[in-house]
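As written, the chain order gives the labels A, B, C and D, with residue 1 at the start of each chain.
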Amino acid sequence: MNFASDNWAGAHPRIVEAVAGEAGRFGAAYGAAETDLRAAARFSEIFETAVSVFPVATGTAANALSMAALAMPGGFVFCHRESHSVEDECGAVEHLTGGARLYKLDGTAGKIAAADVAKAATGFDPASVHGGRPMAVSITQATEAGGVYSVAEIEAIAAAAHAAGLPLHMDGARFANALVAIDASPAEMTWRAGVDILSFGGTKNGCIGADAIVVFDTSRALDLPWLRMRTGHNFSKARFVSAQFEAYFADGLWLRMAGHARVMADLLRAGLDAAPHARQAWPTASNEVFAVLRRAEIASLREKGASFYDWHKPHGADLGLAPEEGLVRLVTSFATERSEIDAFLAHLPK
Amino acid sequence: MNFASDNWAGAHPRIVEAVAGEAGRFGAAYGAAETDLRAAARFSEIFETAVSVFPVATGTAANALSMAALAMPGGFVFCHRESHSVEDECGAVEHLTGGARLYKLDGTAGKIAAADVAKAATGFDPASVHGGRPMAVSITQATEAGGVYSVAEIEAIAAAAHAAGLPLHMDGARFANALVAIDASPAEMTWRAGVDILSFGGTKNGCIGADAIVVFDTSRALDLPWLRMRTGHNFSKARFVSAQFEAYFADGLWLRMAGHARVMADLLRAGLDAAPHARQAWPTASNEVFAVLRRAEIASLREKGASFYDWHKPHGADLGLAPEEGLVRLVTSFATERSEIDAFLAHLPK
Amino acid sequence: MNFASDNWAGAHPRIVEAVAGEAGRFGAAYGAAETDLRAAARFSEIFETAVSVFPVATGTAANALSMAALAMPGGFVFCHRESHSVEDECGAVEHLTGGARLYKLDGTAGKIAAADVAKAATGFDPASVHGGRPMAVSITQATEAGGVYSVAEIEAIAAAAHAAGLPLHMDGARFANALVAIDASPAEMTWRAGVDILSFGGTKNGCIGADAIVVFDTSRALDLPWLRMRTGHNFSKARFVSAQFEAYFADGLWLRMAGHARVMADLLRAGLDAAPHARQAWPTASNEVFAVLRRAEIASLREKGASFYDWHKPHGADLGLAPEEGLVRLVTSFATERSEIDAFLAHLPK
Amino acid sequence: MNFASDNWAGAHPRIVEAVAGEAGRFGAAYGAAETDLRAAARFSEIFETAVSVFPVATGTAANALSMAALAMPGGFVFCHRESHSVEDECGAVEHLTGGARLYKLDGTAGKIAAADVAKAATGFDPASVHGGRPMAVSITQATEAGGVYSVAEIEAIAAAAHAAGLPLHMDGARFANALVAIDASPAEMTWRAGVDILSFGGTKNGCIGADAIVVFDTSRALDLPWLRMRTGHNFSKARFVSAQFEAYFADGLWLRMAGHARVMADLLRAGLDAAPHARQAWPTASNEVFAVLRRAEIASLREKGASFYDWHKPHGADLGLAPEEGLVRLVTSFATERSEIDAFLAHLPK
C-alpha cells in the first residue's frame, strides 16, 4: 500500500530495457548520439509540430530553466500559490533567473483562473520600475492538488497571458496523468491551446529519470543550450535519458502507464465516496487523491503498512474537518497494484 | 576503434543490473531510500572517514556547486588554464557562485604547481577590495591533459592552499583513472593529502550517470543541500544514482574498470612510442593519450572508422609539430577492447 | 503645498555647505579620506557602540546589500507585505542575494508583530530542503505606512527573531523620523533592542544623497566591503557622502530636521481630525499622513497646486471609504513650510 | 603635489553651485524632475543624436550594468587585460551579468587591437556550448594606462566587433580626457565610430559624483531601467546628479577642465623627457603619466609631500627598469596647479 508519491515508484521494465540496450553501445556525448536525435524527433511527432527539446536532471530544473529562458529583470511569474515552484523548489526560479519573483494566485485544486491572470497583469504601472513587471504565466498540468485543466481553461489562460504580452509555461511533471484525465492530444493540451514552453516529466510516470524542457515557441529556445550548460544540466551520457523517452513513447507506453495510475486513483476515489467515515477532500481528476480520514484510521492504516503523506490544508480552503479528522494525500502510479487499493479500502471502517 | 571520449562509452552490465533491481521496488524519494543510505555509507567506507555525499547530474554541476559551497564575494579560484571549469563549463562556476572568477595557472599536462599557488595567493592586497581575493584552489585528478598528480604533489598544493587560508577542491571526473595510475588509496589521494571537497565522477568510468560532491571538511557541507536543491540537482529518484554507486564500488568494480582503461592506454602509449612516424605529444598516466600523428594517418584512420578528437595545442607548449603533423586525443575506457587498440596501431605506418 | 514625498525635497543649506567645503580639497578615494574616517567615527558615537558603516547609493541598495550580507541559499526574509523591499525595489533583494525570497507578514500601519514572526519561523521543516528556510527578519522604522515601532515592540520582534536564530534588519530610510516620534536614542532603537544591521537613510531627511549600511553585529560585516564593491556601490569620492553625514549629525541637525517634519505632520493630523469631511485613514506617528478626502477636494487641492500621491488601500484593510472618497498620502519634510500646511487645511471644506 | 588620482580631486565650484541651486527647490524623484529632463536632453545635444541616459553611482556600476544590458548566458566580453573591469571592480561584471566572463586581450598602453578582437571572436565554435560564446567588446577611452584610441582605431575595433555580431562598449571614466587628447567631437568618438553603449564619467573630471550609462543603440536600453533599479542604482534625488551634468556641459566646462588636466600632464611629460634620470615609462596622451624614477627620488618626493601611486609593470612589458628604478603613476586633474608640476619637476635631479 504505497501511496506516498509517484516518485517513490520504480521504473517500467521497458524503460530499463532501453537503458540496458544503450549501455552496450558507444554513442556521441552531450545529446549528439543517434538515440538523442531519434528521441528529439519523436517529441516533434508526439506534439505534431517541430519542438526544441532539452533534457535536464529534474522537474525543478525544467521549471527554473524555463523561467530563465523567459526572464526579464524585475519580472514576475503569475502562478498558483501552491505550485511546485512556490512551495517545493527552494527558490530555484528566483535563483536561476537572477531574481524573478513568483506572484501567487489562488484557485481551487491548484488551478488558477484566466480572469485572475488578466487582473494581476493589469496591476502594474508600465511607467514605474519600482514595482517590477509581469514576465510570464505558469500553470501546472496536472496540478499539485490533483486538479486538471480542461483544454478550454488552458486556452482561456493563454489568451489572458498573451493579451498581456506574456508567454505561458506549463509545468508538466504529471503531463501524462493530465492527458489521460481529459482525453486530449499532447498538441491540443499545449501549443494549440497557447502553451509556449513546457516542463515535460517522465520521471513520475515510470521512468528512471527523464525530464525535459519542450519549447513550442522556438524563438524562446535560443538561449536554452547555454542556460542549461551553465547550470550543469547538460548530461554527457544524455542518450540514457533519450533512450528512456524513446521507450516511454513507444507503443503508447506512457499513456498506458498514466492510464493505469488513473484507473487506480478512480478506484480510490470511488472507495472513498462509498465509505461512511471517509471522503475526498476535494474532487481530483489525476493520479492524486486527497482524502479526509479519521485520525484513528490514518494511524491504523500506517500500522498496517500503508505509506502516504499528511497534507496541509490549502490556503483559504474550508474542508470542514472535524477534530478527529486528518487530511492525507494518496498518489497512484504505473506501479500501483489493484490489491493495494483493495487492501487500503478494506481497512476503512464500514 | 572508438577513442572519442570515455563519456561515449556505454555502461557496465553490473551497473545496469543495479538499476534494473532498483526499478522493481518502491523507495523514498530525494535521497532518503535505503539504497541511498547504503550508498552514502559506502562512500564513507571507501574514503575511510565520515563524508557528506551529494549526487548531482553532471561533473560540471559537481564542480560549480563545490565552488558555490566555498564562495566568497569577490573570490578567485586558482586552477589550471586548461581545466574543465575554465574551458568546458560555459561559465558554470561564475554563474552558480554569483560571480567568482577563475585565476588561470600554467603547468604541463594540466597540472599546477604548489609554488605557483603560493605565489598567486600572495598577489592580492588584503586591504584592497578592488582586485578581489583568493577563495579556493582547484585541481583536476586526473587532468584533462592526461596528467596525474602524485600524492606528494597534492600534499604540496594542499599545504600551499591551506597556508593561504584556502580550501582545496579536486575535480575527480576521472578519479578512478587517477587512483589506478598512482596506486594510492582514495583516502591517501584526497583528505589525507589535504583535499577538502571532491567532485567524484563515475559517469566516465562505466556508469550511466553518477556524479557526486564528496565533502571531507564537513563544515563546508552545511549549505550544499540548499545549493543543490535550488539549482535543480536534487534527484527525486536519487536511488537510481545511488544504486549505480553501490554497484560501482562493489567487488572493486570501479578499480577494475579504470584498471582496464589504463592497460588499454598503456598499450596505446607503447604502440606510439614504437611507431616511427607517431609519438606521444606529452607523457600521460591516465586513460588519455595525446598523440602526434601525420595528417595523412589521421585521415586514413578516420576513414577506417576510428573515432577521436583533434586537440588544441596547450597554451605555451612547443610540441615541435611538423607541418604535416596533427595533434589528436585518444581516450580509453572500461569498454575499450584490445582489438581496437591493435587495429589502431596496425594502421600506423611502420 | 508639496506633500509628494520627502525625497522630493531639496537639501539643507548646512549639508550643501559641507559638500562645498569638501569640494575645495584633495582627499583619498574610496572611503579613506579624513572626512570618511571622521564620519565613520561619528556613527559609532551616535550609536554609542563600535559600528561598521558602508555608504551606498540608495536605500534600496542598503536594504538589498544588508540582505546579501545575511544571505543563505534557500532563505526567506520575514517582512511586512507593504515594505519597500516587497513593493518598491524591483526585486533588488532577490537579485543581489542570488534568490532569497521575501515572506510577507501582515499588520497595521506597516508594522509586523513579534508573534507573527515567531509563528512564521516555526512553519519550516528543518529536515526538508524543498520549502526553503528562514534567513532573517526585516522591519521598517518608520514604516512606509507612517507607523513607528516602540522600543518594546522592536525588542519583542528581535527576541522572536533571535529565538529562531535569525538576525534582525531595520530599514531606516526614515530613521530620524522614527527617532523623534518615539523619543528614543539611536542605540535604544537599534542594537540595544536587538537590531543587528541597519539601512540608515539621510536622503529623505535633508541630505543630497546619503545612505549607509550600519552593522552592529560586526561579524556580519566581513563580506560587506566585497558585496558593496561588486555591485558598484563603492563611491570613489565617498568623502562627499561622508561630509553630508558629518554635517547631518553636527549640532543635532538631523533631529531638528526630523523634528520639524514631525511638527508639520502633527499639524496636518490635527487639521484632518478637525475637518468635518476629511479624516486620517489610520493613525500615524512619523512624517507621513494618510488622509481620506472627498474626491472633489482632492481634485480641487491639486488644481490649487498641491502635490501628493493617491495611495492604494493596504492589503486587508477596511477604511470605510465612501464612493465619493479617495485615499491620499501626505509627506512632510525638513523643507515643509507652515504656510503650506495652513494653505492645505484651509482648502478643506468646513 | 597631489598626483594620486583624479578621483582624489575635489569638485569644480560651478558643479557645487549647481547642486546648491537644486537644494533650494522641490523636484520630482527618480529622474522625473525638470533638471533630470534637461540634463537628459543635453546629453542628446552633446552627442548629436537621441541617446538614453541612466545615471548610476559609480563607473564600476556603469560598466557592469552596461554589460548586464548586453548579457548572454555563457558570454565573453573581449577587453584589455588591464582594464578596470578586469583589475579593479571586484568581479562586478561577472556578478551583475550572472556569470559573464572577461576575455583578456593584450596591447600597449591599455589599448586592444581590432585584429586581436577579430581573431578572438573567431576562436569559438558556435556549435559547441561548452566553451561559451562571444557577447561584447569593451574598450576604455582613455585607458587605465594613459592610452587614447584615435577615432580610426575605434572605428576598426567597432568594425571587427560588429562583423562578429558583437556590440561595442566604451568605458569612458575619462571620456573628457580622451576627447581633448584627440580633438574629436563626442559623436565622432562614439556612435559615429561604432560605439553602442558608453560608461560616461564626470566624477574624475571635476564632479562630486556623476556617472551615467549612455546608450546609442537604444534597442539596447530597454532593460536598463529594471537592471538599474534592482541593483539599487536608481537615485531618488537623481536631480542632484543631473544638476552636476548640466553644469558640467554648460559653457564647455567639462572640456576646459579636461583641457587643463591635459596641459598639466603635458608639462609633466615634457619635464620627464628633459630630466636626465627620469623618463616616461611609455607614451601617454591623457591626464595620466607613468614615470620611471630612481627609488631615491621617489622616496624623496614623498617626503616632500608628493602623493602618487607605485604602479605595477604591465603584463608582458619590458620597461628596462634598472634595479634602482621604480615605476609610478602621476595623474593630473582639473584641480592640479601649475605650481605642483613645477615643484615636482624641480625635485628631480638635474
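In the analysis below, a contact is a pair of C-beta atoms (placed from the backbone, for glycine too) under 8 Å apart; a residue touches a chain by one contact, two chains touch by 3 or more.
Not measured: the values here are computed from a predicted model.
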(message) According to the touch definition, list the chains common to the neighbour sets of chain A and chain B.
(response) C, D
(request) State the pair with the higher C-beta contact count; candidates are B-C and A-C. (result) A-C
(request) Averaging each chain's C-alpha atoms to get its centre, pick out the one most distant from chain C. (result) B
(request) Mind checking the centre-to-centre distance between chain B and chain C? Centres are C-alpha means, answer in whole Å. (result) 51
(message) With centres defined as the mean C-alpha position, give me the chain A-chain C separation in Å.
(response) 42
(request) For chain C, jot down the residues that touch at least 2 other chains. (result) 73-74, 89-92, 94-96, 98-99, 129-130, 132, 226, 229-230, 234
(request) Enumerate the contact residues on chain C facing chain A in the complex. (result) 73-75, 87-92, 94-96, 98-101, 129-132
(message) Under the definition above, what is the set of chain A residues touching chain D in their complex?
(response) 30, 68, 72-74, 98-99, 129-130, 132-133, 223, 225-230, 234
(request) Would you pull the chain D residues touching chain C in the complex into a rising list? (result) 2, 4-5, 7-13, 15-16, 19-20, 22-29, 56-65, 89-92, 94-96, 203-204, 208-209, 226, 229-237, 240-241, 307, 335
